[in-house]
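Below, each structure is written out as structure tokens.
In the two complexes below, chain A is the common chain; its partner is chain B in one and chain C in the other.
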Partner chain A sequence: MAVSTLPDPASPADAGHPLAPIPYVVRAVATETPDIVTLTLVPRSTKRTGPFRPGQFNMLYAFGVGESAISISGGSPDGQLIHTVQSLGKVSNALTRLTPGDTVGVRGPYGRGWPVAEAKGRDLVIVAGGLGLPPLRPALYEIFRNREAYGRVEIIDGARTPKNLVFYDEVQGWRRRSDLRVQVTVDSAGRDWYGDVGVVTTRIPDARFDPERTTAFVCGPEIMMKLTAQALVARKVPAETIFLSMERNMKCAIGFCGHCQYQSSFICRDGPVLRYSAVQTLLNLKEV
Partner chain B sequence: MNPEVNHKVVREIASHPFFHGMSREFVETIAVEGEERLFVADDMIASEGGEADVLYLVLEGKVALELEAADRPPITVQTVGPGELVGWSWLVPPHRWRFNVRALKRTRLVALDGGIIRRTLHARPDWGFEFMVRFMPLLAERLENTRIQLLDIYGR
Partner chain C sequence: MVELKVGDRRVLGRGDFPAFFAALRDAGYDVIGPTIHDGAIVYDRLTRVEDLPIGWTDRQGPGKYRLERRGDQALFGYNVGPFTWKKFLYPPRERLWTAYRDGDAFSIEPEPVDGPPLAFLGMRACELAGVRVTDRVFQGGPVADPGYSARRSRLLRIAVECGEAGANCFCVSMGTGPGVGADVDLVLTEILEPGPHRFLLRVGSPAGAEVLARVPLTPAEPTDGQIAEAIVERTAGSMGRTMNTEGIRDLLRNNLEHPRWDNVAKRCLACTNCTMVCPTCFCSTQEEVPDLDVSKVERWRRWDSCFNLAFTELHGSSVRKSGLSRYRQWLTHKLGTWNDQFGSSGCVGCGRCITWCPVGIDLTEEVAAIRKSPGATAAAATKGGSP
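So, the complex of A and B:
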């Protein structure tokens, strides 16, 4: 289907269109790492996006530049949204350059998120790599709110170096909780790092969970998710209970344009969170 | 039982996962000259290029394996914790440490004499084979992990 049938987010003529973005104002910008920022957005008027579920994403529109799918890393009932963006290309670069007071277009939330409710009563292994933590963050807070509903909770967070760890202070706070086990590991570090060094997969053998009653949420670059899923399967976690958040180029984000199609699924509508058993073959493909 | 043997060290070796199930006689043989060593954070346990005639068994704590580069500060490429081993340069000539070993917190290790282990493995090929069957997967795992590190799996 032709992408040209989509509305032009900048055109007033398309303002009432369901795909037209809602204006939000940047309230705060936090620098996570040299190329990653966390944006706090508030609606410019009474119009706002609907409630979101952990693992869903919004399409953020940098005016005059373009749109990108960005996971929701937090929010509040009064309409505030938190998004963490890494500068990679045209759109993400424009988003990371926003400053407080700037306007950004938001439409969403889209997609299926983490099966937080279905995982109740089970052990949880949550593995984040690089920019994988922000999309998991709302799921983690929902789990923390209902902590007694879950078995053991093991969080493993990995990054290239200590300065690439996002939400670092927050993660340090989680480490002080006695009802979680948090492992943070980096690929290499200087002498000022007293934590673990080694890829995330090296922490899996040490993780405490009962494989038969474990649900795993894994988020990060595909190679990291693939290796982590393999390490979890090696510890006898069934592929059906390992969930990954897939990234594919998105355009409409509502299962309309076919841009993100994989076999009979659209990642934007049926994902981005999918079972490892369903995407094992996709993980070996460069782009669908 | 060999009277020179330090029984505490024998117990520590026998209960270390790497040696689990190996013959008592082998454990007692390599325990001769073995001793427990205690380090605190930032203590240097071994220095790159230094004589390497010891195999360390980590009992408690955590150590960093560091590489030195002339033009930059040392880089930690791996950390090793309880139940793991540190050092294989005692096995491979010229028996020089290939990295620094630095304690990251209070760390308790058992230090075994590399020369004694080498001679024991030569003298008793059955023990030597069993030792290598256990040792090779560790080397393979470290090689594999290094490969994954080289892939830069967090890069987008």
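So, the complex of A and C:
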């Protein structure tokens, strides 16, 4: 079985000091959920970050507050960047309060993303939990652009409640496509929810794929990724072709600050996307 | 005067040491070296030879460090103190950039990286190895740290081989000393006897040769070389500690649930001392320092430690909450996964973490305990943590 290799990180654009952000202007702010917004950013001047690959992240800087590692949920070749941010701490709270016209700092892109090109010719299972969807979104659009290059594409999107589903309208649009199968499920819901209820792993047995030729991209909380990977392995998907996007505290994103160490890996440089087979035993260990 | 070449050996008399010191300053170097401060030999800017800890030595043990008078006037008759040269290449606090508000926008000005070239006088073999390790951390990746690189590129490394080993030394086990190899600018071996107090001097680089141009030196006799070799050999034979490093990376990787982690965690105070005195620990955090009306913001980087609870904060909680997980992270990284990340061990065998641990935790003992019963697992090692 051919094991795909993770793509190399794109080289960061020359931005003077590698830790100095580049000013971007907030062009639009879309509210996803009460505490999650999607920001559309454009460069303030000719200075901009380098091209990104699906699954990579940027460090976003809120003036006077600080920086936070935020995955890239989209963008365009003219330098536009899309970031989905949940208010979870001081910096992300400041980022969710930005309004159009505000300036935000960006440096990146960083890390190794999803092996989208290497997965060509294979079935794809893409599992998102909550805010796990935004980092997968650029991968999905790249796959849609080359849809004929892939086998079956199965998307499982889950969240705690219907209110926590992000990019909901887009996902509904994907459900109408005949060349994908999309399952949406929530952990709990009120009577107004007619969809599936249950954690994402409950949808794995129903997913249609040929395990021997399947690549899986899984993104969400660590426990969700671990259980999803186990459910995929139970369906005979090799651990080597399951990819997870790990998350750890990050200060520098370039391997200098040590905060994101995960045993042999720096999540910023060697991840965030890591092969399940490489982290399988660590995921069973507490406090790594 | 005959121009010196790399590999040349000369003798520098103790009486001519001030001329050597002056030559460093005349060449424009800020001389950083050992000096006594607050009852310890620390590294600081030196202005004269008398700043050196002449006639002093350090007695070390687990959690113990005392200065003592020597019976002679050795300039470098001690081992290593609480400071490392890291402090000068990678300062404990460093401004990275300043941002200025301009209406809705802001602009960012990176901190200029300048300052005089530095000469580190009195580097030990283990400390040279430590700088090679931080070189790989800050210059070996896809991007180099501008401040570190600027200071490192103009650095003159003057090593002094250790005349004796300390009680916590284990450079022989780590393969870093006590003899100094070729990757250095100048090497001194202090000879107290027989004969007059003098230094055997070895030229390691053209930059090293250059500063010697006007220093009075005499040819080295074969006996000088033999004496210097004997000094290094004696030091190598008197290491206070040993660590068996065979297969250590796999040993630690395969023993992440060993009961010894719980044992050491009960003693560890998570005070961060070991990481602060380590010549290779490189972790840092960043601080945002705004002025009163938030019109100007400074971004500072300062040393951080994997022993701090907030180090692994993620979404309002810490990943490594227990002392066990934090000690395990430090030791497995230092001795094990460092190899995966940087191609060498993160430990150079200087023993500082043993000396400056307030409860005297000795990493060589911890490794030995794990090696004694590899594969052991304990419920104690897995309970109490959060998922």
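Just a few scattered comments:
Here is the rule we go by: the second predicted complex is superposed on the first by the 267 of 288 C-alpha atoms of A that agree within 3 Å, B and C clash if a C-alpha of one lies under 4 Å from a C-alpha of the other, contacts with A are read in each partner's own complex, and residues count from 1 in each chain.
Here is the rule we go by: a contact is a pair of C-beta atoms (placed from the backbone, for glycine too) under 8 Å apart; a residue touches a chain by one contact, two chains touch by 3 or more.
This one's a predicted model, so the numbers in the text were calculated from it and none came from an experiment.
By the touch criterion defined above, A:223 lies against chain B and chain C together after alignment on the C-alpha atoms of chain A. In the superposed model, A:248 lies in contact with chain C only, and not with chain B. By the touch criterion defined above, A:88 lies against chain B and chain C together after alignment on the C-alpha atoms of chain A.
Which of chain B and chain C touches more residues of chain A: that partner is C.
Shared-chain residue A:129: touches chain B; no touch with chain C.
In the overlay built on the shared chain, the residue A:193 is in contact with chain B alone; chain C does not reach it. Of the two partner chains, chain C is the only one touched by A:256; chain B is not.
Within the superposed three-chain model, A:145 lies out of touch with both chain B and chain C [touch as defined at top]. Look at A:176: by the touch rule set out above, it reaches neither chain B nor chain C. Residue overlap on chain A between the chain B contacts of one complex and the chain C contacts of the other covers 88, 223.
Note for the complex: chain A touches chain C at residues 9, 11-12, 16-21, 23, 25, 44, 63-67, 88-89, 101-103, 105, 223, 247-249, 251-252, 254-259, 261, 263-264, 266, 269, 285-288. On the side of chain A, the complex with chain B involves touching residues 86, 88, 129-131, 158-160, 164, 187-191, 193-202, 220-221, 223-224, 227. On chain B, the positions that touch chain A within their shared complex are 41, 62, 64, 66, 73-79, 81, 102, 104-105, 145, 148-149, 151-156. Across the complex, chain C meets chain A through its residues 96-97, 99, 101, 104-108, 110-111, 137-138, 141-143, 145-146, 253, 256-257, 282-286, 288, 290, 294, 297, 299, 301, 304, 306, 311-316, 319-322, 324-325, 329, 332-333, 337, 340-341, 382, 385-387.
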